[in-house]
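Dropping the structure in here first, questions after.
We call the chains A, B, C and D, going by the order they appear; numbering starts again at 1 in every chain.
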Amino acid sequence: MKIRGFMAAIVLILGLSVITGLGTKAQNIAQNLSDSKTSRKAINTQDISLEQANLVLEKAKAKAIKLGTKMDIAIVDAGGNLKAFARMDGACLGCIDIAIRKARTARLFDRPSGELGKLSQPGGSLYAIEHSNGGLITFPGGLPLKDARGNILGAIGVSGDTVENDLLVAQAGADALVWMSR
Amino acid sequence: MKIRGFMAAIVLILGLSVITGLGTKAQNIAQNLSDSKTSRKAINTQDISLEQANLVLEKAKAKAIKLGTKMDIAIVDAGGNLKAFARMDGACLGCIDIAIRKARTARLFDRPSGELGKLSQPGGSLYAIEHSNGGLITFPGGLPLKDARGNILGAIGVSGDTVENDLLVAQAGADALVWMSR
Amino acid sequence: MKIRGFMAAIVLILGLSVITGLGTKAQNIAQNLSDSKTSRKAINTQDISLEQANLVLEKAKAKAIKLGTKMDIAIVDAGGNLKAFARMDGACLGCIDIAIRKARTARLFDRPSGELGKLSQPGGSLYAIEHSNGGLITFPGGLPLKDARGNILGAIGVSGDTVENDLLVAQAGADALVWMSR
Amino acid sequence: MKIRGFMAAIVLILGLSVITGLGTKAQNIAQNLSDSKTSRKAINTQDISLEQANLVLEKAKAKAIKLGTKMDIAIVDAGGNLKAFARMDGACLGCIDIAIRKARTARLFDRPSGELGKLSQPGGSLYAIEHSNGGLITFPGGLPLKDARGNILGAIGVSGDTVENDLLVAQAGADALVWMSR
């Protein structure tokens, strides 16, 4: 209906242009309106669903159990906002905030949190980037969550053990999203 | 390729079920795999583009000039993150933060900031909600930015004059997005 | 081993008291040691498990679906720390923080968040308590989570709709914990 | 009126000085008052206009497009307050805050953000200066914005790619202001 109305407006302008002899100018106006319409599209994006987030949580938790450890696991959406969270019984309290920040960091910069940490060391190109965005965590355990085509739908952050184990658990979660979106 | 591989796995399971006589159970497994695939889709969303945001800024600014006033104007995206901002010459410094918070508030709750303010008064159902989300602004001047079909693509926040004028300028910006997405 | 060593120490003191004739005084010391042992015990507490928290989340989510609404749901443990969280698809972004704060508020004061709000109004006995603890939310939607005997194991916070619906969903979650701990 | 009153006061003092024979001293007082008048002028400053800021944004964005990258670009005014901002479609979310902080850092210290970073390393003369001013960003991508005569009118901050590319884009913006103020 609305597209039809817009087309009608263009036709009306063109029609008036013939009647009034203002052809060229009216055609330009119609053309400009048309151009501005087509170039001002919204961006099509995708976001992680709660069902996906919960499966990622489950797979990450299963990996933690297999490793014999206890983790805090956070999932943020494409906008960097918290989508789902689970703290395994006995997992460390301070790791709640770290898990959430790792997930946020991974989405804010679309890369593993630990890669940022390599660049934020003294002398590094991103030295002290941790001071931005209300406090980043730049050691391993945060990963972007991508579907099978590589679209970033959110991020996962894991904290509770060594950064090596944190990363293994995060990877298990990230792998699950790739698998389920195939 | 990946879908084909998945189909092949299902066929393989079904085929094995015939051979081994475990028909019912194998079919259930294949069915479950298939169900979990189809129900775990990502959410399709839309986000405001910079070109759209800049046009919204321009239309809001034009309205401010028409009103003979000076405004700070902020646009946030669908995730509540800053997309574009302009402070007109002579617009108040404290209004920078307020314009951004109005826009964020409008998107965080998908309604005009001023509507939230009606409910956050003493005795209201959302009394003191301003303490959440790092500080909300709940007086008028923040509006969700919707396309012509009503999808929320972001929000606009305007500050610099009376809240009545702030709202008029925000509305001019919001109207522009509806118009351009028709 | 340690209890046996402790008993031995008491016997030794009693034995020495007989030998030295300082019977009464030595008996007092032994008595005091024994008393202090019984009174210096740690506090036995109970905390919500992740399995319980996830079931509470599920029941709350089911209630939200029944009401035809979308909610952010947070569970905090007995220490007031985040235990589990879920944001339903399409639930409001600003409600993430509010749900978590409602849960924290309910546990920090061991009462429904809305009861605190009645006392925090202008002129009320707890006026502006929202400024404490990094920001409280004192309107309805936060409830302590108690087991069947009334022990508080944590709290639930729900945000996403009217405070009436938020409270209904929180109550469904709280009821689930009572039921499962019978 | 006030100037006349002031002149009258000087005349009165001079007149008194003649009468009382305290000529030299009174003349000194009058001279000092007159001097202090001329030295207590306000400071003449210059500030970036929105039109200038938008042109700087455009030129920076054009450079980013030429480099095939996506940037967050912030302009602050002479007071270090946000003047204009644009996030290119697909530019990283965490770079919003970094772009703004780079611009602020460049203006707060009137030098490229990266020069500060050389001094803020462990052992450096400004070690950990990032902790001041609510959080600085001291790696490259922030530049003072100067007119053709070298007056600082504000600053630009760019974030979204390598610090080398961030700096190239910031420089394109800074060059534009020099060019347009010639």
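What we mean here is this: a contact is a pair of C-beta atoms (placed from the backbone, for glycine too) under 8 Å apart; a residue touches a chain by one contact, two chains touch by 3 or more.
Only a predicted model underlies this, so the values are computations on that prediction, with no experimental measurement involved.
Colleague: Shared interface numbers for subunit A and subunit D above half of all numbers used, same, or below, different?
Modeller: different
Colleague: Provide the C-alpha centroid distance between subunit C and subunit D, rounded to the nearest whole angstrom.
Modeller: 52
Colleague: So what's the Cα centroid distance for subunit B and subunit C, whole Å?
Modeller: 35
Colleague: Measure off the straight-line distance from the CA centroid of subunit A to the CA centroid of subunit C, and report it in whole Å.
Modeller: 34
Colleague: For subunit B, write out the residues touching at least two other chains, lowest number first.
Modeller: Residues 43, 49, 77, 79-81 of subunit B each touch two or more of the other chains.
Colleague: Looking at which chains touch, is this a line, ring, star, complete or other?
Modeller: Topology of touching chains reads as other, fitting no named class.
Colleague: What are all the touching pairs of chains?
Modeller: Those chain pairs satisfying the definition are A-B, A-C, A-D, B-C, B-D.
Colleague: Mind pulling up the subunit C residues that touch subunit B in the complex?
Modeller: Residues in contact with subunit B: 89-90, 92-95, 97-98, 101, 117, 120-122, 128, 130-131, 135-140, 162-163.
Colleague: Can you check the complex and tell me which residues of subunit A touch subunit B?
Modeller: So the residues of subunit A touching subunit B come out as 2-3, 5-6, 36-37, 39-49, 51-52, 55, 77-81, 147-148, 151, 153, 180-182.
Colleague: Any idea which subunit D residues touch subunit B in the complex?
Modeller: Touch residues, subunit D against subunit B: 49-50, 53-54, 77, 79, 81-89, 93, 96.
Colleague: Which residues of subunit B touch subunit C in the complex?
Modeller: 43, 79-80, 105, 107-110, 122-123, 125-129, 131-134, 136
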